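Before I ask anything, here is the structure I am working with.
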Amino acid sequence: MGGQFGEITVAMQYLFQGWNCRGNEKYRDMLLDIGTEEIAHVEMLATMIAQLLDSAPVETQENAAEDPVLGAVMGGMNPQHIIVSGLGAQPTDSSGYPWNSRYTIASGNLLADFRANLNAESQGRLQVVRLYESTTDQGVRDMLSFLIARDTMHQNQWMAAIEELEQQQSVVVPSTFPKEKEKQEVAYSFMNFSEGTQSQTGRWASGTTMDNQSTFEYDGNPKPMGQVPSLHPAPPYVHDTPLFPDNL
Amino acid sequence: MGGQFGEITVAMQYLFQGWNCRGNEKYRDMLLDIGTEEIAHVEMLATMIAQLLDSAPVETQENAAEDPVLGAVMGGMNPQHIIVSGLGAQPTDSSGYPWNSRYTIASGNLLADFRANLNAESQGRLQVVRLYESTTDQGVRDMLSFLIARDTMHQNQWMAAIEELEQQQSVVVPSTFPKEKEKQEVAYSFMNFSEGTQSQTGRWASGTTMDNQSTFEYDGNPKPMGQVPSLHPAPPYVHDTPLFPDNL
Amino acid sequence: MGGQFGEITVAMQYLFQGWNCRGNEKYRDMLLDIGTEEIAHVEMLATMIAQLLDSAPVETQENAAEDPVLGAVMGGMNPQHIIVSGLGAQPTDSSGYPWNSRYTIASGNLLADFRANLNAESQGRLQVVRLYESTTDQGVRDMLSFLIARDTMHQNQWMAAIEELEQQQSVVVPSTFPKEKEKQEVAYSFMNFSEGTQSQTGRWASGTTMDNQSTFEYDGNPKPMGQVPSLHPAPPYVHDTPLFPDNL
Amino acid sequence: MGGQFGEITVAMQYLFQGWNCRGNEKYRDMLLDIGTEEIAHVEMLATMIAQLLDSAPVETQENAAEDPVLGAVMGGMNPQHIIVSGLGAQPTDSSGYPWNSRYTIASGNLLADFRANLNAESQGRLQVVRLYESTTDQGVRDMLSFLIARDTMHQNQWMAAIEELEQQQSVVVPSTFPKEKEKQEVAYSFMNFSEGTQSQTGRWASGTTMDNQSTFEYDGNPKPMGQVPSLHPAPPYVHDTPLFPDNL
Amino acid sequence: MGGQFGEITVAMQYLFQGWNCRGNEKYRDMLLDIGTEEIAHVEMLATMIAQLLDSAPVETQENAAEDPVLGAVMGGMNPQHIIVSGLGAQPTDSSGYPWNSRYTIASGNLLADFRANLNAESQGRLQVVRLYESTTDQGVRDMLSFLIARDTMHQNQWMAAIEELEQQQSVVVPSTFPKEKEKQEVAYSFMNFSEGTQSQTGRWASGTTMDNQSTFEYDGNPKPMGQVPSLHPAPPYVHDTPLFPDNL
Amino acid sequence: MGGQFGEITVAMQYLFQGWNCRGNEKYRDMLLDIGTEEIAHVEMLATMIAQLLDSAPVETQENAAEDPVLGAVMGGMNPQHIIVSGLGAQPTDSSGYPWNSRYTIASGNLLADFRANLNAESQGRLQVVRLYESTTDQGVRDMLSFLIARDTMHQNQWMAAIEELEQQQSVVVPSTFPKEKEKQEVAYSFMNFSEGTQSQTGRWASGTTMDNQSTFEYDGNPKPMGQVPSLHPAPPYVHDTPLFPDNL
């Protein structure tokens, strides 16, 4: 619930994207719709966790820790559920690490952000499916199958919104930066920097680029372009290591 | 450099995705190629920052803090550059917050992760473009135009890899979870949870779904499905608030 | 907004306290009322911040950084508002540190938690008043005077709820732990551990204790009760420092 | 020990409140007395933990992890106690999350801070009582009964100090902000924002307010006061999403 | 792997020290050599972890959690390895806490930094030895014995580099600060601040100081030098606690 | 004050090392002496900061932000000093990042930990010297010259204690791990992994090793020792990317 792609992240992410939305009311409204839905999901999970913890004797608590799904759903099955929250849900991830707002993305560029949202729903559905696989509790599975279905919708939703935006702009974010200002000689070449050349067979190494602006090239042996970096000695008041005679 | 979508994040993210890659050597090799390239970008930025700081007197340091691009490129232009790192680059973001590994994503599912990568390159190019816009230093702009071009390639690269995977699997992640196990009645409906109905006009509210499995529905007035949650009182050894007579 | 006592904290804190509430529906309903109100306050602030940032040229951005109230209200006026969020609000505090869920408290014991809430509203109103004092922008002041008034209500509200609970239980949390199980000889004495004895003149050093169970004592020269701690050497497989001959 | 309300937090919190105390020597001295006492409590716990770990074979270590009290007291019973600290105590919480200084509160306003302190001692005593309940080790229980008794005193102490301050100032923090500057029409009304109206029966919804300045009102159907927010499009150099024709 | 002294820390630390190196090419080259080696160690560990997780059924996962070496090597054996990373390695420590860049040190002063590096390799080898001791898996032990040997080299390497620098400069960092500017009367005396006087028998309490500049003194009863601190009342606009009459 | 090598870190670090000390009373007593001294340094700094902030009007606050020494000494001169702490000191670093306990080191092996302490005092004195250089305030310089002198003593002290321990054990930590268990063929060779061979001229590439156990070797062209890693496909329940036909 409180992990990087948990319900708290998407709820906050969609609401902040909506509140920061400048114009484009259709998207603003959609973002606030789904952001509000995610708050409801947080409540669903918090309630389910509290119910799972209901009047569970300490031993059971500990056994739960050995069932990855309960442990994970409970947001970190550790002594803190007894000591700190008194059998209540906590907004942390399954290792007890607190949720933090660096997880949320709201850049002001909707195409960039909708790709963040599609990723969040992809990672999120993957995780919920893994939870489903690792439990046999029918009540938990039933609730998870609801979340899995909603994530199916949300992935479809973001793909639809991305398609709309890509048709109005271009596929490269941001679409408004003038092409001539980027170093075009390296804008479409794949560079081989590790051992092995299997990557040469990929779609990204030949054929038309996805933005239909050029053709993919494969550079099997990229050369360094910059000169060897050289730094001046630090000024005395910084008290870095003094230069040694053999470096003067 | 050390922000959520900085070079350190993508370098670590691509390397961990590659090292954790199970089979599919083509993708493993590609991930290690680009991960290695990103390490070189970290070095480029660290060197540029150190050069910008070269023998700069304290006053200049402070002025730099007023130029958002220098401030941001320098990863948090604060007194720490003089006091802590002695005019060296630091792996932090522009508010001095340290880079941390919760920024990296390697789920084991390549389609999910390539969407994370496309998002990272979209957010990253957007940020570099904003840096470009806010500085007039020609040396900095020149270096940024190189990074902007590489991010153009990287966005194209991930779109190409995503297309490959979506053709082999389906577009919903994970593609291997049996459809009948999810609550299908809510798998394709858009729910209106905020004031306003502009969201009804979006592509996500009607027409064929992106996975070609169904049709988008719009639910203007969604009803709660679950029952009102009720929790048992906590066991005495937890020392929660005792029930009041009027609640017994 | 994203600080330790910002609107995000209280919104999450009240909602989690409500969702984890076991019985006592009156409190559960009240917690969800005010938690929902706080989400609206987050929206108000996010919108105000985005409006303050509206079409502000870069220079103005930077000047804003020199006005503590704008800086603080904007949740960390640093280059990230241009580079990362594209002139949108961010859920961070005024030094750019992200909000995190360790700020929220939901212990399951309502008297303990209502004291946390009274503290949060006290710190929060104090901070908003300081913001009010440090700006002269009438629009900002007008909005802040609304938040100040609501915090007046919220402090009154928590004091009222605390009074109710203290009358039903006792004033010491938790009230359900048997008195004879605590070391009563030190349960009501104030111990002087620093230089100076001005603390002896305080209400806490004499007179009836607040729980009406005893009388405050003042111990001007407390004696250590435990024996000098002694630890066994670590087992060899831990490879701690070996004991030196003169310690054997 | 290293949790949000552990001994490290209160030790640091009381010392910083004392060091930052401007005038009011009686409170400064009292804060340094109790802050110093809390450092002694940190030593007590660190020693007890190290003794519990004394020459414990690995297996025992692991079993300990299954006893919530040992696990929690030990500040996160995880492999780190063997690998990192060599059977020594660590300043972390029971999920291994490090203590950090955002837990401490020192606002400069003593009434606000004493409410923080009363909350900390309430949460702290609650947690120690829960530890007591979940262990049967007589040595641990004996030591915990000492801490429980001291927390009884500390709760009484802060209530006494709060009473003193509330009598000199008023109960609303800060007491020095002129009443006419806050939006008084919303300063004393309870607003119903969630389903259900049980909250109407609470002390906070009718009767004289706790500051004796007014009467509690209950607003069963609060109306939004602000106008619908509208934001300008972002300036071009920010490269947010361009406005679509149908929004112009 | 992702702990404070794990391979990620030293890799980043050595690379940043090298990239920020101003002159002294011999050290720059050496730092980049060893930094690159550490990246290879990260790959070795990531691969070993993924292999350990290879097709392990859930139960086995959980059992692993009870073997401190596997748990620790795996960087936090918790449900996240199944739910989040799909049986892949994660850049976290053994309690699931993410690696962060505040762990890395690059001050610009090589003698200071080489001492940081010697410490990192000392803590690191100690931890790997403890891992070795707590597992009986021959494959793991074989790999660890390689890392232990490399840490032996790295400790020797940093001691050699430190010796070189201490001979060119002096042993006190930084060596370039003029002696007369420090308060010399307290520059070489050991002060007894805790009960007991065993510390008087140490090498640091008598004899020539290590920098050959003076003689160690032992001050058994240090006197406070500063005056009692006194602070002015805060200005009204800060709304701190007002001064009470008896403090005027 | 609240940075990685600030007074809070060393105070906590020395106290925890002392409290966890098993036997060797001479070191335990010494650690508690110096740990207690560092607490006094925290008080000194907190008081100095509060005095610097004394009745400073807002403007002055802001100017201070432009003086790196005041900014840094004040632990992050940002709006929080007015809004949050009411002109009081805060336990954060100069970018407002909170102090956290992952900064402290107490491994149970004193030689390892004393190297950590020597590093902390080296980084710490370097930072205080840089503060001294960047201010012209005579009162601040006077106080800093006291801290600089104490750090001179503390560096000498740890070097003395390290010499004692290295004479009783050996210089490699831990000294108790049997040599034959490490892969000795790589225990003393320096490996060239980056471009350039200047590192070959260093003391670490030839001559007797610092532990007098062997001779340094230089490997100009190290060969990979392990086999190419290969991982099994993930089990189906993890829902990683399925293997593609061309990988079967």
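The chains carry the letters A, B, C, D, E and F, assigned in the order they are written, with residues numbered from 1 in each.
The rule is simple: a residue touches a chain if its C-beta (ideal position, glycine included) is under 8 Å from a C-beta of that chain, and two chains touch if they have at least 3 such contacts.
Quick caveat: nothing in here was measured; it's all calculated off a predicted structure.
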item	value
Chain hops separating chain E from chain C, counting only touching neighbours	1
Chain pair showing more contacts of the two, D-F and A-F	D-F
Numbering shared by both copies at the chain E-chain B contact, with half separating same from different	same
Rounded Å distance between chain A and chain E, as computed from the means of their C-alpha atoms	30
Centroid spacing, where centroids are CA-atom means, of chain A and chain C in whole angstrom	30
In chain B, residues with contacts to at least two other chains	4, 19-20, 22, 25, 47, 50, 58, 76, 82, 84, 86-87, 92, 95-98, 102, 107-109, 111, 126-127, 129-130, 134, 174, 177, 229, 231-234, 237-240
Category of the chain touch graph - line, ring, star, complete, other	complete
Footprint of chain E on chain C - complex, ascending	126, 129-130, 133-134, 237-239
In the complex with chain F, residue positions of chain D that touch it	2, 8, 12, 15-16, 19-20, 22, 39, 42-43, 46-47, 50, 84-92, 98-102, 104, 106-109
List of chain A residues in touch with chain B within their complex	4, 25-30, 32-37, 40, 44, 47, 50-51, 54-55, 57-58, 82, 86-87, 97, 102-103, 105, 107, 109, 111-112, 115-116, 118-119, 122-123, 125-127, 129, 132, 145-146, 148-150, 152-153, 155-157, 159-161, 163-164, 171-174, 177, 181-194, 196-199, 201-204, 209-211, 216, 225-226, 229, 231-235, 237-240
Residues of chain A touching chain E in the complex	3-4, 66, 68-69, 71-72, 93-97, 126-127, 130-131, 134, 229, 231-234, 236, 238-244, 247
Chain B - residues contacting chain F, complex	19-25, 58, 61-62, 76, 78-80, 82-84, 86, 92, 95-98, 107-111, 165, 168-169, 174-177
